[in-house]
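Letters are used for the chains, namely A, B, C, D and E, taken in the order the chains are written, and counting of residues starts over at 1 for each.
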Amino acid sequence: MSSITLDHHADRSKMAVSDEVAIEIRNMNKWYGSFHVLRDIDLTVYQGERIVIAGPSGSGKSTLIRCINRLEEHQEGQIIVDGTELTSDLKNVDKVRSEVGMVFQHFNLFPHLTILENCTLAPIWVRKEPKKEAEERAMHFLEKVKIPEQAHKYPGMLSGGQQQRVAIARSLCMMPRIMLFDEPTSALDPEMIKEVLETMVELAEEGMTMLCVTHEMGFAKEVANRVIFMDAGQIVEQNEPEEFFNNPQSERTKLFLSQIL
Amino acid sequence: MSSITLDHHADRSKMAVSDEVAIEIRNMNKWYGSFHVLRDIDLTVYQGERIVIAGPSGSGKSTLIRCINRLEEHQEGQIIVDGTELTSDLKNVDKVRSEVGMVFQHFNLFPHLTILENCTLAPIWVRKEPKKEAEERAMHFLEKVKIPEQAHKYPGMLSGGQQQRVAIARSLCMMPRIMLFDEPTSALDPEMIKEVLETMVELAEEGMTMLCVTHEMGFAKEVANRVIFMDAGQIVEQNEPEEFFNNPQSERTKLFLSQIL
Amino acid sequence: MTSMTDPHQGQFRLSMLFNDTRYRSLTYQAIAAILLALAIWYLANNLVQNLRTAGLNISFDFLRDSAGYDINQRLIEYDSQSTHARAAIVGILNTLLVSFLACITATIFGVIAGVLRLSNNWLVSKLMSVYVEIFRNIPVLIWIIIIFTIMTAVMPAPRAFRGDTPEATMLLDMFAFTNRGVYIPGPYFTAPLFASAFLNWVLVLAVLAGSLFATRRMARWATGVQEQTGVRPTTWYFTLAMWIVPVGLLLMVMGLAWEIPALKGFNFKGGIKIGGALIALWFALSIYTGAFIAENVRAGIQAISKGQTEAAGALGLRPRRTMNLVVLPQALRVIIPPLISHYLNITKNSSLAIAVGYADVTATLGGITLNQTGRAIECVLLLMAFYLTISLLISVGMNFYNKSVKLEER
Amino acid sequence: QDVSTLDQVKERGKLNCGVTTGLVGFAAPDANGQWKGFDVGVCRAVAAAVLGDANAVEFVPTTGKTRFTALASGEIDMLARNTTWTFSRDVDLKFEFVGINYYDGQGFMVSKDLGASSAKELDGATVCIQTGTTTELNLADFFRANDMSYEPVPIETNAEAQQQYLAGACDVYTTDASGLAATRATFEDPSAHILLPEIISKEPLGPLVRHGDNNWGDIVRWTLNALIAAEELGVTSANIGELGASAGANPEVNRLLGTEGTLGEMLGLDAEWAKRAIMAGGNYGELFAKNIGEETPIALARGLNAQWTEGGLLYAPPFR
Amino acid sequence: MTDLSFVRSDMLPERAPPANEVGMVKWLRTNLFSTWANSLLTIAAFYVIYLVLANVLPWFSGGVWTTSSLSECREVLQGEVGGCFSVLTERWNQLIYGFKYPVDLYWRPNIALLLLAFAAAPVLFFDLPRKLLLFTAIYPFVAYWLIWGGPIGVPVTAFVGILGAYLVFERFNAANFAAAGLAAVAVAFSLWFIGGYLVDMLASDDPLLTPVASRDLGGFMLNLMLGVTCVSLSIPLGIALALGRQSNLPLIKGVCVIFIEFIRGVPLITLLFVASVMLAYFFPPDATVDLFLRVVIMITLFSSAYIAEVIRGGLAALPKGQYEAADSLGLDYPQAMRFIILPQALKISIPGIVNVAVGLFKDTTLVSVISMFDLVGMIRGPILASQEWNGVYWELLGFAALLFFVVCYGISQYSQWLERRLRTDHR
């Protein structure tokens, strides 16, 4: 696995972690049919934390973060996001989703809308913002991800890295308090990976709560304040990055790290 | 252009080149409509030679090797393969094709036949071999390309690298004296490129006459005993690999090498 | 599985009907069910009311009554005293007959045109495109009418064959082409082995089936030899003999003779008559659907990438072998599913028989029976049930085929 | 029936009258799209009686297949199409035939050069039938009874049947004799075709309505009877103005024309209903002469359709 | 072994190919006479073309255009070969408009047809400014008024009802989709109800445009109207059915599947029978629905099932990520469908829909079987049976074929163009 060095070094001291709980997962279990994909997950994420989730393929990383904004339903246990419990009550689901932004591996931009429209669609229709306001904020975030000049192009005309940055901006426009990233860079070429990671580092510096599934260990070392290692649907080990990388406890983690680094 | 290092190093001393002529091309010209795609090609290939053909895109490399087994017709000059001249006489074409194997960029396996059937189809129907014998030989070559266990699967179930190795085995089953490769690795992922190139190196060690269009300069350096550089439909330069890479003569070659290495 | 997810389990609120995923789907379905039931109730109620005011009822008893009308084209025994049900069956058989014939010829037309459209002969391929475009873009009803009208208007009437200097003559003194249909010699036996003509024909078919079996065996033997020695023995003359000799002998023993149609009274008598309506419908459906099938065949063959042919060529396979061993097996997977839906279309389009007076099921059950009995609802329901059954059967068969040829992918 | 047909018609201001899709002389649109014909005359008479306007008719062309549904479902108020009065139609299909406006019978037309002079000579012939009437059944019965065989060619419309017949695709064309005459009249050379003398069935044709609304049935029935009676009584569209102005010598004429008695009121109409019906297109005889009589190309003789006083079957019940 | 090294000092210039490799000769050789079998085919093809032309050309050039009956035509021709095209000129109006549409009102359908081009353009060519869709939206009402005439209040009321429903829906959609939908329906019906009153009250005895009954429609105009109306009505229905078929609510899915499979399993003509002989029983006793409307209902149901299948294909072609992205942004189902899924799915489906439309347009000729006088019905019925033109087959049927060919071929060329364009479109 290649490890990219970022030009823009994260200043970890800037990133404060509060005591407030952002996400609380208790004893959560999930099955696909009869396949037990997540087992007894217990996880507390504090406001401002930046968590990297790693683990072999199929270990349930994606499923875990997809449960957090209810793209998947869990069957047992509780997930409480910002004080709202995720149940089958749609009101709660809507509330949680407006607090949580998500960035996908394949960007999933809407190809028939311009970049700007991509970014303003949800604010206008979900948050009921006036169009003008929504557009202004969208431009603000597009500047933040450094592509304001592309605002009127269509996604198909952008490179992968640019598209992923748009996807990040699109999520930010909903002003989420928590951002979920599911392998945001794994579909990108190396140079583009860098662009996107840098954007994420900036976000981290602003204190955004982040959960990120990634194989970019460089990013994990530099930005995360906790690394969670999953295997076979369970959290096997979690620790601060230094400890995690230099001194892994479990056998599985060791094996995994030996392969990936 | 990435350059792959092969684990299995070719032992060039093993590969003998005889004085016997395998392919002789004299003053060959070819047009597509009124576009002059091959110009005055003169080329003599000896038994056991391993020739790499390089050159910018559109320079006529593919066309040249496709002329050799008459997938394309030339309009002027002569092509003599193993003593048989390629004319519009179908007998001769058949003869030449049974002497010459070809491996394509996109493998072109037959998706409706198993790997084994892919390999035995031509021996049974063209060489009229008993099925059993054909199958035995097919298994032999499949072992050689290290996928005997896939024999009863369908091509769609194999990875790209495996498919290309099947394609090589399929050609070998016709016991050709000459093998043509048209960018055999350019549709593959890096790890798979390695697999395929190693198979080709083994072939080279056994003294197979090979013409290979490729951009893998590592392969050229290690295996070829001649590199031919084409541009605008003509052979611009040919030389031994050392000389070719270290000391290119023509301006165009220099330019090309500077871009590619 | 015990659910710990939902602490509010006990407190059911009305808003949960719309906001809770568990109840919402039930709510929506309940609403849909109510709306559906209302709609059905409304229609049914109207129907009942209308029938009551008209003093009618729904009953299929009329099927047992005698039909009272004659049908000129019939595959089973039928006369005007037979029941309406039997008339419907005669119609169904006629539908199946014309559909079956049209499927075969449409396939032939389609395959020829599709292959020729890919021919490297510029003129021929253009000509085939013209055929395809012309037939695809004009309604099939117009084709049926054109062909039928032209046939009746241009072909001679039987009376044209009469007289000392007739305006029309029979072809080879055996075939008569009239505007009422084509009359061809009909075979019969002078020394039949069974009294019933039907059994004799069954015997002939049995012998043919035997030949089929024998040739199959021989093909398998040839394959075996090829697998052993690599060389396939030449068998075509054996095959030919196996097809011709036994059946020829049988026919000779039974004294096969031909009844030549001859003009007697108003019409030709003797031999076999293929009615004009049948021919027109058959031909129109074939040539119309053939244009669609041609497109399929072309697309199917083109879907096989050039790389496949080249690879086969590079292996030394001759073009004909390449076609048989590489291109066709793959192309068929692409061609057959749409082909089957074209067959279904033929069956459905054969209902236009009514425009040319061919007695298919739409014309008997949905036409004369409906007129005579006034049982519109019952007749139309039966008619739809028939077509639905056919199309369900065909789509079941198609799913079966699709499953069996699905390419294994990674 | 909740609302009576009469009220519906009045409210709508138009009479929906089912006719054929086109049979010259009986009901067919002319070059200007105006419906003309004998059956059409009945529709107009009813419209005139009920609505006071002979043109307040919406003609709904129906085929053999659609006519009964159209009537049963209320799409049309009455059907004035060459529809044979049969037991099952009356009883089983629940319609009410209100009278007979044309006594017909199924006949055969052949081309002269066929040389046939009797239907009994038609053994083995190919017969074009216009489907959707009782024709097929009569034909089957006739050939069966005479132990002859034939090839039926069933065809939906008169137009196409005629075309097939002319092209020689069938030897014989059979339908009601009136229809045959009407069809023959449109031929380029009518004299090359003859109608065979046999009439193989009774085909009493008449207007019909749905069961259940007897008042409406009465209106249509007595409008038809008024037309017939008018001819018998010598009331024509020419002299009706004069006769209807005031009560005259003949009390039945007076009752008919509303100058005496309250017949109109009993029907739920006004006194002059019959007068208007007769004025719409003339009495029965006038309608006949104008549309299908001997002066017209169709050239039908009165025959059975003459008044009973002249040896025919037309016999209107008394108006009293 | 010789020395292998070789360096080209001067580059070769491009040369012209040998003479037999270019130009006419080469073209003929490769395209017409490459093998002897090919040469045979070529000759056969030429013969076929010759036969067709030899028969058609004199017939066409010798055609007569001005007589008023077939017998006159024959007199003019005097045994020469030639078509009797005068039937087309003499019966032109009937062929195009049917035999009952008032002659002095022909300008109305003509204008409607012309406007149709403008209304359809923004739908068919999505490069055109979206504003033009406004005209498309009012077109149906204008066209209705032009063709049927009658009080202008009727189409205006219909339009106002729908406009009101739309506005209400837009207003409340953001709050609650279902409620907005219900409110919209309620508004539409109340507006129609009030409008109906007003129209009845205000209707003058002679409205601006003379009313024409729908059974007076006929000829090719009828085919066009049925085609356009049914296709445009069946698209929304088709979308609903396609969404229903994708739904995870078993009841709704089941109903949609049964409906679609049922409709696709029976021939259109039996559905037309339903319209002509059966449907009347399903309407309330005192409501008579005219045949045109019943036929429109049945054909619409018919084509909506086919369109649903096309749209289902479009929906299936969308990556799952699009649904997930919409979900994760908090868009609810109607919003996701309206803004994300349908715009993309429909765009992919347009070529398929156009193909269904062509098929449907061809199928409108089937109405002649239930005695409506469309183009084919006119030819089979009144014209061929008339005394003057009994026997003019080729000309009439050829004309019908030509009309349909021109329209259908045009549309299918459009759909192919569109397919090519969508394929190269940025995605």
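A few remarks follow.
To be clear about the criterion, contacts are C-beta pairs under 8 Å (C-beta built on N, C-alpha and C of every residue); 3 or more make two chains touch, one makes a residue touch a chain.
All of these numbers come straight from a predicted model, not from anything done at the bench.
Taken together, subunit A and subunit B share the touching chains C, E. Averaging Cα coordinates per chain and for the whole protein, the chain whose average falls nearest the overall one is E. The greatest centre-to-centre gap from subunit C, using C-alpha centroids, is found for A.
Placing every chain at the mean of its C-alpha atoms, the farthest one from subunit E is found to be B.
Distance between chain centres (mean CA atoms), subunit C to subunit E: 27 Å. If each chain is reduced to the centroid of its CA atoms, subunit B and subunit D end up 90 Å from each other. Measuring from the averaged C-alpha position of subunit D to that of subunit E gives a distance of 41 Å.
Centre-to-centre separation of subunit B and subunit C, using mean CA positions: 50 Å. With touch defined as above, residues shared between interfaces to two or more other chains in subunit E number as follows: 273, 277-278, 280-281, 283, 285, 369, 380, 391. Shared interface positions of subunit D, i.e. residues touching 2 or more other chains, are given as 1, 65, 69, 72-74, 156, 163. Remark: the chains found to touch one another pair up as A-C, A-E, B-C, B-E, C-D, C-E, D-E. Across the interface of their complex, subunit E is touched by residues 69, 71, 94, 97-98, 100-102, 104, 106, 108-113, 121-122, 125-126, 128, 154, 156-157, 170-171, 174 of subunit A. Note for the complex: subunit E touches subunit D at residues 71, 99-100, 102, 213, 215-216, 273, 276-278, 280-281, 283, 285-286, 288, 290, 369-371, 380-382, 384-387, 390-391. Of all residues in subunit D, only 1-3, 8, 16, 21-22, 29, 33, 58, 60-63, 65-66, 69-70, 72-75, 156-160, 162-163, 166, 186-188 touch subunit E in the complex they form. Contacts from subunit E toward subunit C in the complex involve residues 30-32, 34, 38, 41-42, 45-46, 48-49, 178, 248-252, 255, 261-262, 264-270, 273-274, 277-278, 280-285, 358, 362-363, 365-366, 368-369, 376, 380, 391, 393-394, 397, 400-401, 404-405, 408-409, 412. Listed in rising order, the residues of subunit A touching subunit C in the complex are 27, 74-78, 85, 87-91, 93.
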